[in-house]
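In the two complexes below, subunit A is the common chain; its partner is subunit B in one and subunit C in the other.
On to the complex of A and B.
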């Protein structure tokens, strides 16, 4: 698989004195599901709006589906976007929103949109101004996928939703993946629930991609070493202290090879090794 | 139907394969039955359909699924013996682990306590 669908190089963006992106390199291949892990305010939303051609970058380049963001808006028709805070015209009904959007997207599939309304249990006649957060999220999902985009950008698609709505959205996502060929970039604070879907996790820190890991690596080769330390030790690369102030300490270890090497250190000889949960791995990656 | 352990170091696709074999061993799936479609399985487990597809591909290659075209995901007559084989491997590794426990100086009572604790954790 060497079919690049997205590539950014040295992307920079500042708002006044505040530099949000400081040379961001990101690439995605067709069919990949990439999770962007970043703290609040790390620039995920700025990245998405540059990719969507809604905000112009100050420097660097981006190429998406063979196009460059040039202010023409052509890219928007090829991308499905679920914003963090979906907003539609309050006076419209769900059906009116979908009919309104249909006029802007060449490949809009109304049958698919209505089918999704039924599957997600969204009443077409309900008015946007009266919608719950869950129903707004459903409408945003339908609006983002009804034109069968090849690239989906999802900004916190499940945050603040109840279990059932979240389930609907995740199933919708899996459905899109089953159709094949879809590339998905998703930013989520609580990446744990997405763990089984991701191919790769990219950590966004200080305005750049600080690390990129295969999801299977994090699932299969992240360990927790619990050990009683009498004196401070220097930690090799790939080993991160997880806190625990007293003699009993927890460490995260990334990579089986690193683990084997750590075990040779006499200080770690009696360490108890257990798998590090995906959620905890993400926490370490964020905090590192 | 199948429970995944997201914190396990066993890859998800392997867990899916083991899970399906387990269902055959328990008699919940029989030769000729259709296993859940890739989409259904992916939605139920909240995993990438590619992961399920990989498990299904390997199961087809192993002969657990029928390999006839248009018969994807149909449990083959050979599935039962494959499931038994997988189960035997588990009992062998359990034996190895127990031998190791004995050699490390655990008593039977301690081992039984460990097993009881594991049972509480897993069930």
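On to the complex of A and C.
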């Protein structure tokens, strides 16, 4: 059985003179949870739009769930999508939205949708036009998952959610999905909160995947080295200066091997080593 | 698609219900506020016509325009496009709903009118719109939607659609009006169909491209938008090309120039030539069977912008007459130029003998010396026509009394005013006989004939030249028993044919001298009872009486079988030649027929070049000894007696 759910090769997209994607390669296996890390305007939403077959790529290829984007909209029937800014018809109630969507998705599970409404405390009778940002986000989650998609694309999925709901989604819903073998690609500015569920983090920079790391690597082999430096030093690959005071400096070190090698450097003798938090790892990867 | 359509209908439900309510309420409102001179049904019809001609187009632009701009909006992108349906289908569903709502509104108006449009109450323009309403409504829906989608703005899209609608519909309306009032020169049904197909394909094609450019954000957006613009403009092309073709064809349309006054005693038109006009260019010319032509009025170089969109014909009146030296006199009166009197020939050209700037009406008259009578503001004038270059010698022959002036302005009364003068001129002309007051004596020169009592006016009789000289045909007898009497030179008068025949009335002479008359001018469509008791349409031919040049008489000659065989030949039937027992007839302006004297015998026929005869039944033919000059849709043709035709 082929476990590849998604594969893009050399994906390109420009809007006028601005090239947003410049040959993006990305693949995802069944059940994999991938975080796409990128700054604002880096092309995350454009990538999702192409994967959803909403926007046509200028070049390259994409195959999602065995289908190629062809403008027919079939792909969207197989993908669950939580947009950054969820929108529904204002004249509908939450229940009407779900009933309306049910007509378009073959695998729609209304019982599941209603159960999620209850779990997320979303009033089915509330009208969309009167919904808060958080309730819209809840409805988007329900709409994205109620048809049991094999692939979920989550674009800032926790935006607007309060802590309790966010926790419920992250620790409940997403875990449930991942355990069910669903593939998830998530773009989130607060990727740290996703840390526990990610399998892989891809850094989207300059229109391409600049780096890809296993989440376990970032969790277990990312270190902070704090050291007093008397004079400037040249840093080996895999070591990134984080800042700090005039003499006491922080460095991020990716990889245990690199850390051991760094320790041998006289300048780093006596360095204080501690694990680097995921949040900080992501910041380093983003180049912030 | 069904779910999308339900969604779109629900989205636009409110504006649609408001418009539908306004349509429905306007019927009782019309009844409530009608004036006393208008019946209830008329008031409702007027209200519905207002809706049809003004209200619904605005409603269509509003509904379709709003739907189009909404389909292109960011809201639609965020809410609807993530649904698992193609973006084009989503846009089409919005268009389908706008079209359905339009159809429902039209149906409501039509139903309130009782499913009947009072075409007889409409002007030509509104009747044309009514006949093509479905096309125009569909056009507005398609284009308001598509252009609003393109501009992402309902107002801009609606206005652009209205502009394109006018650009497309105006030439169609113009061409239809031209076809209705004048001539069918272009295949308007084909152009209408092509325009409809291009409008449908153009709008849907443009929508598809715009959808790819805007919704799917495909590369090559500028090219797609440009191609969309071309597709949207495509339906305007057939009407404009049609109008251009119409103008080009109209420029070739040729008519004979008809005389102003149809007098039975007027001199014969000059033989062998035709005074022809091209009413859509203003050109008038004299042409002979060899194609030699002499210009009377040249083409108008500038006929104005309105004429570009609707070619307007300007007709001239005029007359030809042979001069004693074999040349041709031409009188021609065009509304915007001084009337002219010319002399010459088609081969050698025409020379202006006189401009008649004050001329309103003029015509040639017979006499010892043929002349011209001209009506001016202050009276009538006469000038004898002598070849040469000297000025015309005008003589006032009558004042214009108030009553005559009034009648003259009304376009009648020449004959009455000048009756005595014209009779005097005619009586003195060669080849004219005078009937005595008691109607029993006919005299010409030194000859005298006795008849039972001439019928009709006792005005001078124009003779006909046969092989034995000038003969006179006199209708004579009493009200129960009357006949045409032949007064031949040197012989006593004898009864020729039973019935009333008078030269210039129902008795004519072919160019070769054959005399022919008929009991009525046209064929008659009759209903005939069959042996099964049902009726079927049949034709009844005029009944011809023919006197050949050498004095042979053929009576009760009919063309029933030929008329049945050659359907569609409407208009006058005329004998144009007789030769060794063979007879040549023209059937309307459609056929030349050669037949023997046995009406059931073999015959030959030739289709004449297409002329304006479909709408105008006056003859477009001028026969001479060698054949026919035919004023046709594409110029003047000549056809000899064996049907060989050529364009001159």
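Criterion: the second predicted complex is superposed on the first by the 278 of 288 C-alpha atoms of A that agree within 3 Å, B and C clash if a C-alpha of one lies under 4 Å from a C-alpha of the other, contacts with A are read in each partner's own complex, and residues count from 1 in each chain.
What we mean here is this: contacts are C-beta pairs under 8 Å (C-beta built on N, C-alpha and C of every residue); 3 or more make two chains touch, one makes a residue touch a chain.
Computed from a predicted model, the values in this text were never measured in an experiment.
With both complexes brought onto subunit A, simultaneous placement of subunit B and subunit C is permitted, the two fitting side by side without a clash.
When the two complexes are overlaid on their common chain A, residue A:103 makes contact with subunit C while staying clear of subunit B.
Contact with subunit B, but none with subunit C, is seen for A:199 once the two complexes are overlaid on the shared chain. In the superposed model, A:33 makes contact with subunit B only, not with subunit C.
In the superposed model, A:72 makes contact with subunit C only, not with subunit B.
Put simply, the three-chain overlay gives an angle of 160° at subunit A, taking C-alpha centres for subunit B and subunit C and rounding to the nearest 10.
When both complexes are overlaid on chain A, the residue A:91 reaches subunit C alone and has no touch with subunit B. Closest contact between subunit B and subunit C, by C-alpha atoms in the overlaid model: 28 Å. On subunit A, the surface touched by subunit B in one complex and the surface touched by subunit C in the other have no residue in common. Those residues of subunit C that touch subunit A in the shared complex are 3, 7, 10-11, 75, 78-79, 81-89, 212, 215-219. The residues of subunit A lying in touch with subunit B in their complex are 31, 33, 170-171, 174-175, 177-178, 192-193, 195-199, 216, 219-221, 275, 277-278. Residues of subunit A touching subunit C in their complex: 14-15, 52, 54-56, 58, 71-78, 81, 83, 85, 87-89, 91, 100-101, 103-105.
Note for the complex: subunit B touches subunit A at residues 4, 6-12, 38-39, 42-43, 45-51.
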